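For reference, chains read A, B and C in written order, and residue numbers begin at 1 within each chain.
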Amino acid sequence: MLDIDQISVRYDGREVLRDVSLTVKPGQIVALLGANGAGKTTLIRATNGSVEIETGEIWMDGKTIRSLSRRETAKKIAVVAQENETKFPLTVLEFVLAGRFVHGGAFGWETDEDLRIAESVLYECDLTDFRDRFMNELSGGERQRVVLARALAVEAEILLLDEPTANIDLAHQALMFRLVRARCREMNCSAIVITHDLNLAAEFADKIILLKNGEVHAQGEPREVLTSENLQSVFAVNVLLDTNPASGNVRVTTIY
Amino acid sequence: MLVAALVLAAALGSERLSFFDLTEQQRSILFDIRLPRVFLGACVGASLAVAGAALQSLLRNPLAEPYLLGVSNGAALGTMLAFVFFTGFEFARPVFAFAGAVIATVVVYRMAKSRAGMNVERLVLSGVIVTTFLSSIIVLLTSLLDAAKLRSFTFWLLGDLSQATKSGFYLTLAVVVIGTIVLSSQARALNLMMIGERDAFDFGVEVNRVRIVVFGAAAALVGTAVAASGSVGYVGLIVPHLVRLAVGSDNRLVVPFSALAGATFVVLADTAARTLIAPRELPVGAITALIGAPLFIYLLRKN
Amino acid sequence: MLVAFLALIVAGCRSEEKKAASASESVPESMRTVTDDLGREVKIPQKIDRAVSLAPNLTEDVFAVGAGDRLVGVTTYCDYPEAAKKIQKVGDTLNPNIETIVALKPQIVLVSTASQLEAFSKILADNGIAVYITNPKSLDDIFKDLAQLGDIFGTQDTAAKVVGDLTDRVATITRAAAGKMPVRVFVQISKEPLFTIGKQAFVTEIVKRARGESVTANIETAYPNLSKETALALAPDVIILSDSPDNQEPNDAFKDSPAVKNARVFRVNADLLSRPGPRLVDALEQIARDLDAATRK
């Protein structure tokens, strides 16, 4: 269980996050929404320890993130972020195996177990055919899936995803979310997903957090949070809300 | 391959040695002069290649090389200062070289750091600035020295293994072995850092610690190599590339194999340096540059 | 713009100087032609009062022929004889300071082939400064240079006397050496890296005359750097060290050589060995003495 307790983060003297609190229970998928610059990525980065928290604490299984070593943190929390271009030839399998680093030793050759997990993760993400291909041969969307696979290979308790469906085609967008949900159900892990797609969030998230200017504007179940007032306030758009006939979840339509 | 190169190097030289029944004098040539030099060459080659491989991975830049980053020149300047001010102490040279290498590395690193984090382009740019600056200081120093010292330095700056001594060899050997082991231990972390520092951090690498350890080890390796034999260029650049072409980018393979390949390369280059215009000698750095530069251009084009 | 303006002013001054120089040149009878070591025809005035020497051996030559008082500029390395130290310095052999030279208004500049005067030949010509290039490669060349300089400075008698003395001294040595077995000598110019004298070095001839045989006499170039293996294999009987700070001991490769084992290591002043001038004969005499001592031990 992840407990973010009234954290503030400052960057260059500017307060980027103020007094943000959030609890994520095991098995939960939380969607993190907000306009650009609202502090979503900073919240993710604070959670995995790459950004320093000024006040407040983040607790995980009774310990603060601060008190854990880098390795321990990375074992519990895996990140899916925008992918960097590699200048070195790296195969998809090698890339995904990086996710097993935290489970290995210093000279660290991969164990059979590591390989099995990597292969199975590739299978889950529909990437088995790409196993031995080089990363720079793949399209942007395909690479994003590999990035997800790598995070899944960690077998962490918490998955943090920063716009994981940015360059992905429609078919695979749904696949990514389904994968995350399936993983969270199977392993009882949780996920925090930053996305701009309100409807995907409505479909897959158990809880939605709306961030505005570094503060939590609203949090709760999708139907509670996705209201016209909230969306007008946070995104400055007019929306029409109804129910998705196929799933029964709230559906957001922007009025242009 | 290394063993073959070593045997070849031992067999060739400016004096002919018979295979069996070495005379007293020939034995002396072989053991007092030729072999120490050959083994030193192997150590220097291994040091430079391993340092190059590690730096390239750490900096995510296939062009990173001890020379380009100012590390070599820092070591060279350190050695020169040791030579000019502490001529008596033989150990002053590697110590000062190491200090010079570390200082140069730190300066380059600091210059390259911006708020946005370490940008590799900035790093290479800072490296070039520092290396050219140090170059001019070295030139300034050489022009202030008198003609006698000048001659010995000019030769040494180009990479000269002729001043191989047994004690110098032991030190370089120790550093190369320890350095390679240390860098090999960081190999997997380097694999992750090759993808990106942020990614490496996210997946459990203690980025700062790895940076310090790798820079420190690389500086030590380059420092001792330069103190022993001057700036032997291109080894740190070319050898890791060739090794990667053969075994892939996994640093757990690239680092140790670079050591072997670097040793072989320099041993062969030095054998050429010793035999091409025998009984005169060429600086080994000239040979590595002659082979290295066109090879590098060829590799660039292939990509 | 400012730069262009300044350039015009400077050019104007230069042309003034040129006119002044050519004014003195325009009287043909006071000029004559001499041929230098490179075969160049050099035009110089009959009487030379102001000369610049760009090599220590040439400075010594000029003093030897009695014209030292006419030197107005020498290099920073010109330290012999004592009087040379007081003469204005114009840089060193490789990189002379052209402005200082021109400012001294010499009539002739004496140069060794190592000097980088090529770039400045035009400026010197414009200022009416003659350039005389020397390239002595042997004792005979040195004697020829001395005679030439005597001619240039009008001190032929002194020059002839000096050459005569030197020739006698050389002859004495040569006679003494005749018929005796030559000693195998290694001349070490620098210890690390190991430099010695080769085929084209004038010292090789000196060693020969002094009843020695340079073991590196057949190696190409004047100052080859030698592989230690070969050094070890050469096993010289005598080692001569050119006495400079980086050359106080024989290279380690010689530790088992007859020279080191029998303590036949001699030092000769580095200047004597590196300057192809009158003191080369001093070096010859010293080497001859050392080799004699070595064979008597």
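FYI, contacts are C-beta pairs under 8 Å (C-beta built on N, C-alpha and C of every residue); 3 or more make two chains touch, one makes a residue touch a chain.
Values in this document were obtained by computation on a predicted structure and should not be read as measured data.
Between the contact lists of chain A and chain B, the overlap is empty.
Of all chains, the one whose mean C-alpha position sits at the greatest distance from that of chain A is C.
Inter-chain centre distance (chain A to chain B, centres taken as mean C-alpha positions): 44 Å. Centroid to centroid, with C-alpha atoms defining each point, chain A and chain C lie 80 Å apart. A straight line joining the Cα centres of chain B and chain C is 40 Å long. Here chain A touches chain B in the complex through residues 12, 48, 50, 69-71, 73-75, 78-79, 81, 84, 86-90, 94-95, 98-99, 101-102, 104, 106-109, 150, 154, going by the rule given at the top.
By the touch rule above, chain B contacts chain A in their complex via residues 57, 60-62, 115, 184-189, 191-192, 194-196, 198-199, 201-206, 244, 248-250, 252.
Residues of chain B that touch chain C in their complex: 13-15, 25, 28-29, 32-34, 148-149, 151-152, 155-156, 160, 162-163, 165, 274, 278-281. Contact residues on chain C toward chain B in their complex (touch as defined above): 190, 192-195, 219-221, 224-230, 232-233, 235, 244-247, 252-253, 256, 270.
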